[in-house]
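Here the chain labels run A, B, C, D, E, F, G, H, I and J in written order, and each chain numbers its own residues starting at 1.
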Amino acid sequence: MKRYDVTEMIIEKKIAKKLKWSQIAEVVGQSKEWTTAALLGQMTLTAEQAAKVGALFELPEEAVNLLQVVPYKGSLPTAVPTDPLIYRFYELISVYGTTFKELIHEEFGDGIMSAIDFKMDLQREPNPMGDRVSITMSGKFLPYKTY
Amino acid sequence: MKRYDVTEMIIEKKIAKKLKWSQIAEVVGQSKEWTTAALLGQMTLTAEQAAKVGALFELPEEAVNLLQVVPYKGSLPTAVPTDPLIYRFYELISVYGTTFKELIHEEFGDGIMSAIDFKMDLQREPNPMGDRVSITMSGKFLPYKTY
Amino acid sequence: MKRYDVTEMIIEKKIAKKLKWSQIAEVVGQSKEWTTAALLGQMTLTAEQAAKVGALFELPEEAVNLLQVVPYKGSLPTAVPTDPLIYRFYELISVYGTTFKELIHEEFGDGIMSAIDFKMDLQREPNPMGDRVSITMSGKFLPYKTY
Amino acid sequence: MKRYDVTEMIIEKKIAKKLKWSQIAEVVGQSKEWTTAALLGQMTLTAEQAAKVGALFELPEEAVNLLQVVPYKGSLPTAVPTDPLIYRFYELISVYGTTFKELIHEEFGDGIMSAIDFKMDLQREPNPMGDRVSITMSGKFLPYKTY
Amino acid sequence: MKRYDVTEMIIEKKIAKKLKWSQIAEVVGQSKEWTTAALLGQMTLTAEQAAKVGALFELPEEAVNLLQVVPYKGSLPTAVPTDPLIYRFYELISVYGTTFKELIHEEFGDGIMSAIDFKMDLQREPNPMGDRVSITMSGKFLPYKTY
Amino acid sequence: MKRYDVTEMIIEKKIAKKLKWSQIAEVVGQSKEWTTAALLGQMTLTAEQAAKVGALFELPEEAVNLLQVVPYKGSLPTAVPTDPLIYRFYELISVYGTTFKELIHEEFGDGIMSAIDFKMDLQREPNPMGDRVSITMSGKFLPYKTY
Amino acid sequence: MKRYDVTEMIIEKKIAKKLKWSQIAEVVGQSKEWTTAALLGQMTLTAEQAAKVGALFELPEEAVNLLQVVPYKGSLPTAVPTDPLIYRFYELISVYGTTFKELIHEEFGDGIMSAIDFKMDLQREPNPMGDRVSITMSGKFLPYKTY
Amino acid sequence: MKRYDVTEMIIEKKIAKKLKWSQIAEVVGQSKEWTTAALLGQMTLTAEQAAKVGALFELPEEAVNLLQVVPYKGSLPTAVPTDPLIYRFYELISVYGTTFKELIHEEFGDGIMSAIDFKMDLQREPNPMGDRVSITMSGKFLPYKTY
Amino acid sequence: MKRYDVTEMIIEKKIAKKLKWSQIAEVVGQSKEWTTAALLGQMTLTAEQAAKVGALFELPEEAVNLLQVVPYKGSLPTAVPTDPLIYRFYELISVYGTTFKELIHEEFGDGIMSAIDFKMDLQREPNPMGDRVSITMSGKFLPYKTY
Amino acid sequence: MKRYDVTEMIIEKKIAKKLKWSQIAEVVGQSKEWTTAALLGQMTLTAEQAAKVGALFELPEEAVNLLQVVPYKGSLPTAVPTDPLIYRFYELISVYGTTFKELIHEEFGDGIMSAIDFKMDLQREPNPMGDRVSITMSGKFLPYKTY
């Protein structure tokens, strides 16, 4: 059994039980964003979190153990994603990537926005012209140092 | 002359004149995010905006004309970006792409977040543990329709 | 079980029962274009549509559930398709892509033709020189906005 | 000088003279779709057409000659296009490619829609919910033959 | 079961029964070239042809049905083939591709040689310096049309 | 100067002088197929052939020398060709590659058709249904040997 | 069963029986170089050779038949090999490839070293500074011909 | 000026002066194999060797300096070489790569054949069936060590 | 069974038994770095080491044999790794690769740092600003030789 | 002028002036590792550092300005490096990448070694069996956080 198989089990049970990610997140005790990433095989759970997930989805012990092992991360089957929803984010990097770079460097100097010390929040933004998806990302700025 | 050459001219002049993107944005009369993307060759300017940019950077008339022509978009030299700052955004899609997909579909059903009817805002978020980069993205949700 | 497996089941049953896509579309109550894409794993069905499809193809309940979950879209095994029929469409983009771009921008300004708020119709066009395939695509124009 | 250079000359002059593709098409005496593709380096002009184009854009004789030579076709810099407008067409093939295949085979049997004996028409489709891009493609069906 | 599985069954039985493609072609009633391509999963058989093949190779009914369904074509595992025999044909295109283009355009004008309305014949050409492979390809010329 | 530049010079002069490949082949004293490949930079000329070509196209001495140096072969800009005429040949390998393999091995055993000890002939094949391109290839069979 | 499965069987048995390739080669009656390539799925065996191999490794009849069928050649999982030993050979081509080309053309004129009419010998070369691997390759020179 | 430009200068002069690599190697005082690789930009020359080469090809001082700087190695424009002569070596690795691996490991254990402490010799091998290219490679075996 | 399967077995057992790599290394009698690489399928074990590993993880005899066979090395599923931890090392090569090259050549001349006669040590480096990962690599310098 | 051009200028002058990186580092006042990376276009200099570099290499003012602008990082021309010295580092990741991952996670939990808050030191390690390259890397451990 591999982490990938655990992800499969969870998704099958989630559909059968008609659970929502936000409900699962409450059980886990973390945000819906982190919980979804974790159960899709991208994050590592504590023993306590894994036990809750195991109980919720009736997972075997081996699966509960695997949830506590750091996974090989990367959730997409191709370097350029084919799914239209995910592709739009890739397109944003293609179009705005150099803009991100210029503005962050202008504000902070040489360095990066951490993708590790990072959190995000995804909300529906009501709008009479059609509701909008609002995503707020927050990552620590890490400066390059000279030595 | 091509749009790419206009971008080069603007960058050279920006460095020589020690201008900041936020200052340029004030001249153009748009946000710093849109203005940066536009002057890096990703957006189309109106005649009025192009004239202001032409005056600021002392561009030839041909360049001012090109700023008003829709460009072939895409600002990165490789499908997987090598620059560490830009790569971190690519990594976020690799790690969180399926999470974006699950949560947007849970909230909105089948469809995408538009990368066209889209805006973003990039701010410094002061933090005693080290300042953070905060990016808020807002894109209209576009549902798939049956027919 | 995954959506891909549901697609396999449907195709096997469709061949065994000698059903046509246009007949299936009548059962589903949508156009043959949308119905075909949906049953090939690219669109999400409502509970009612999924139930009809499940009855028609004698699918297990898990499969009927999966038809109602938004799929990871993308129906081709390679970035450049090898199948001659599908490749011709890729070739049209290779040869006419910049033409699409110029003419849409000339008519509408900067923006895109939506691939989400989109429909299409495929018909036989009788012709004494040999019948023709006629495809009409209609997608909403989405303008880039300044902010 | 190469065909690519002729395309560059035409685009520079078109911008400077503020000509529209539909106006140029009238001079050439063909549809705006074919004319745009031809002047973007994808089609071969007759001596008469090339002479008209040469006069309109003040091209040197060598360029007028090159317009009459069959070009190496393919107008995009990457296998998967980065420009959002053109990408949407690529996405349609990714999502609907197998649908095109199924429906054309259902109607016509094994074979392809010609991308050579092909024409297309691009129109604005007024719509109170937002105008739409309407593209009609017509290609001869070519059946595979046994031998 | 998929077409690929039918191809596998046929190849296993062909080896066990020590049949030659030319013998199989006689049973099918077509050339050895078309028959081989068809049974390797690239062409569509009529009900009558499929029945003959089913009888010869003792195929189950599902397989006989699949032989009559248009397959997803493309018989090679990689874009650049690794098998030396097949690679030599790829090399011919790499070295002679622009020659094919120049000579066909010189003789016929702009257009292509059809790969659909196409037939070929492969023969041994006795030669005292070592026998030669002789391949004759014949494809209809399809001219690009203006519109 | 490189061989590529010599090819450019020849093509420019050929267009300006309105010469046909068959006429050039007569000057060189070889077939039109070999001559075209050679002048497109794929074959090596003898001193005598190079001198004739140099005289015909008024090439500088350095270019005449370069025609006698073995070139780095490969005439296409991408691994999968984008030009529709050349792509059709690539498609033939994709669809018929395993057929070539099976039939050559059936006739000759394990080995290849040489792409070096190779010649070809390209002709117009008149046909009331539309003229056809006929290509005959002849390559020496080279058997694998045990040792 | 496929050739690949036969290779797997042979490797498993070879490990279990602690046989060396040189011992197996003696049974087959060919060099250790050819025998290894053949049993790794790259060469075709005669009925007699296949029978000996079948007896040595206790293969089923279907496997013995498959050893006599020409395989789809190519033994590596990626275009650029990851295994350090095999990569060094790839590196030699990357660094010395143009040297091979220059020196063979200087000695023989335009043509290639055959990879079909080819043999090789691999030996340990004792050396006080550390033993060396010595590989001697011999391939027939095949000249390009004019026609 | 870069090393690549120095290589270009040397090749142009070599053609103009009709020098052979073996003659140049005598001037340099090394083997023809090493000398060719070095002057094609893959090896580093001593001051003395560079001076001799500079004198022979009338190179400017900057070029003579560059010959003494370690170059960025790799002499081929694509990962899979298109030139038929060089491709045959790539094919040998594709077909025989796992054979190299098995036989070297059988003889030496885990480790590699060095591509650095390496030399080669390329000779014409007269043969009544057609002369052969004979290449002898000798590389030090480097064992993996435990620690 | 293949080496890959042995790696899987070991990882499953390691998780179930809650063993640490450093504990396993003590059993094997080598460093934790070499032991981890070896049990992840990259190194070859002696009979004695394999027996200890087999006992510790209760492996079948076939697995113990496979641990003693030189594996096909390369532990990552894609050329550019998607896992963030491993990607950072790839990024270091992308950013510092030419620096490594310059400094090693400045100190040692032309040659490489061996990746075979190589060892490494990975330690936690306590630091009040946050602990650090400290990796020391030591590889023999191998000079290119002239011949 | 671009940063790439500044790098070129510096390298040309460094060769002409026969300067060593360690000497340049003393002028800049940083380690030789950081200085080399910076002058090869990967790091951003302060105004003071840039002025010193400008004086040392006689750079124009525009170049001195560019040294202070954050560059688009990534110093290699291909995703898999062809240069043997740099490739060995890529090979280490291919072979030891999963080992790095396991051992860092065992010691620190889920997270990464920073490639930004990072320093390295490269030294010659004298050894009677042949001197060794010793590289010590130190990067801050960054833990993934839940939220």
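One rule holds for everything that comes next: a contact is a pair of C-beta atoms (placed from the backbone, for glycine too) under 8 Å apart; a residue touches a chain by one contact, two chains touch by 3 or more.
In this text the structure is predicted, and so the values were computed from the model without any measurement.
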TODO: Give me the chains shared as neighbours by chain H and chain I.
DONE: G, J
Task: Mutual neighbours - chains that touch chain A and chain H alike - done: I, J
Open item on the list: Please report the minimal path length, in steps, between chain E and chain H on the chain touch graph.
Closed with: 1
- [ ] Specify the chain most distant from chain A by Cα centroid.
- [x] F
TODO: For H-I, find its twin among A-C, E-H or F-G: the pair where over half of the contact pairs carry the same residue numbers.
DONE: F-G
Task: Approximate Å spacing (C-alpha centroids) for the pair chain B, chain E - done: 49
Open item on the list: From the mean C-alpha coordinate of chain G to that of chain H, what's the distance rounded to whole Å?
Closed with: 23
Task: CA centroid of chain B to CA centroid of chain D, Å - done: 29
Open item on the list: By the touch rule stated above, which residues of chain I touch at least two different other chains?
Closed with: 33, 72-74, 76, 79-80, 82-84, 91, 94-95, 98, 101, 105, 111-112, 114-116, 118, 142
TODO: Give the pairs of chains that touch; include all such pairs.
DONE: A-B, A-C, A-D, A-I, A-J, B-C, B-D, B-I, B-J, C-D, C-E, C-F, D-E, D-F, E-F, E-G, E-H, F-G, F-H, G-H, G-I, G-J, H-I, H-J, I-J
Task: In the complex with chain A, residue positions of chain I that touch it - done: 8, 12, 15-16, 77-78, 80, 82-84
Task: Residue ranges of chain E in contact with chain H within the complex - done: 80, 82, 84, 87, 91, 94-95
- [ ] Using the touch definition up top, name the residues of chain C that touch chain B in the complex.
- [x] 30-31, 33-34, 43-44, 70, 72, 98, 101, 105, 109-112, 114, 116-119, 142-147
Task: Residues on chain G engaged by chain H in the complex (per definition of touch) - done: 20-22, 32-33, 36-37, 40, 42, 73-76, 79-81, 83-86, 88-108, 111-115, 118, 120, 122, 124-125, 127, 129-142
Open item on the list: Quick check on the complex: what are the chain J residues that touch chain B?
Closed with: 1-2, 62, 65-66, 69, 72-74, 76, 79, 115-116
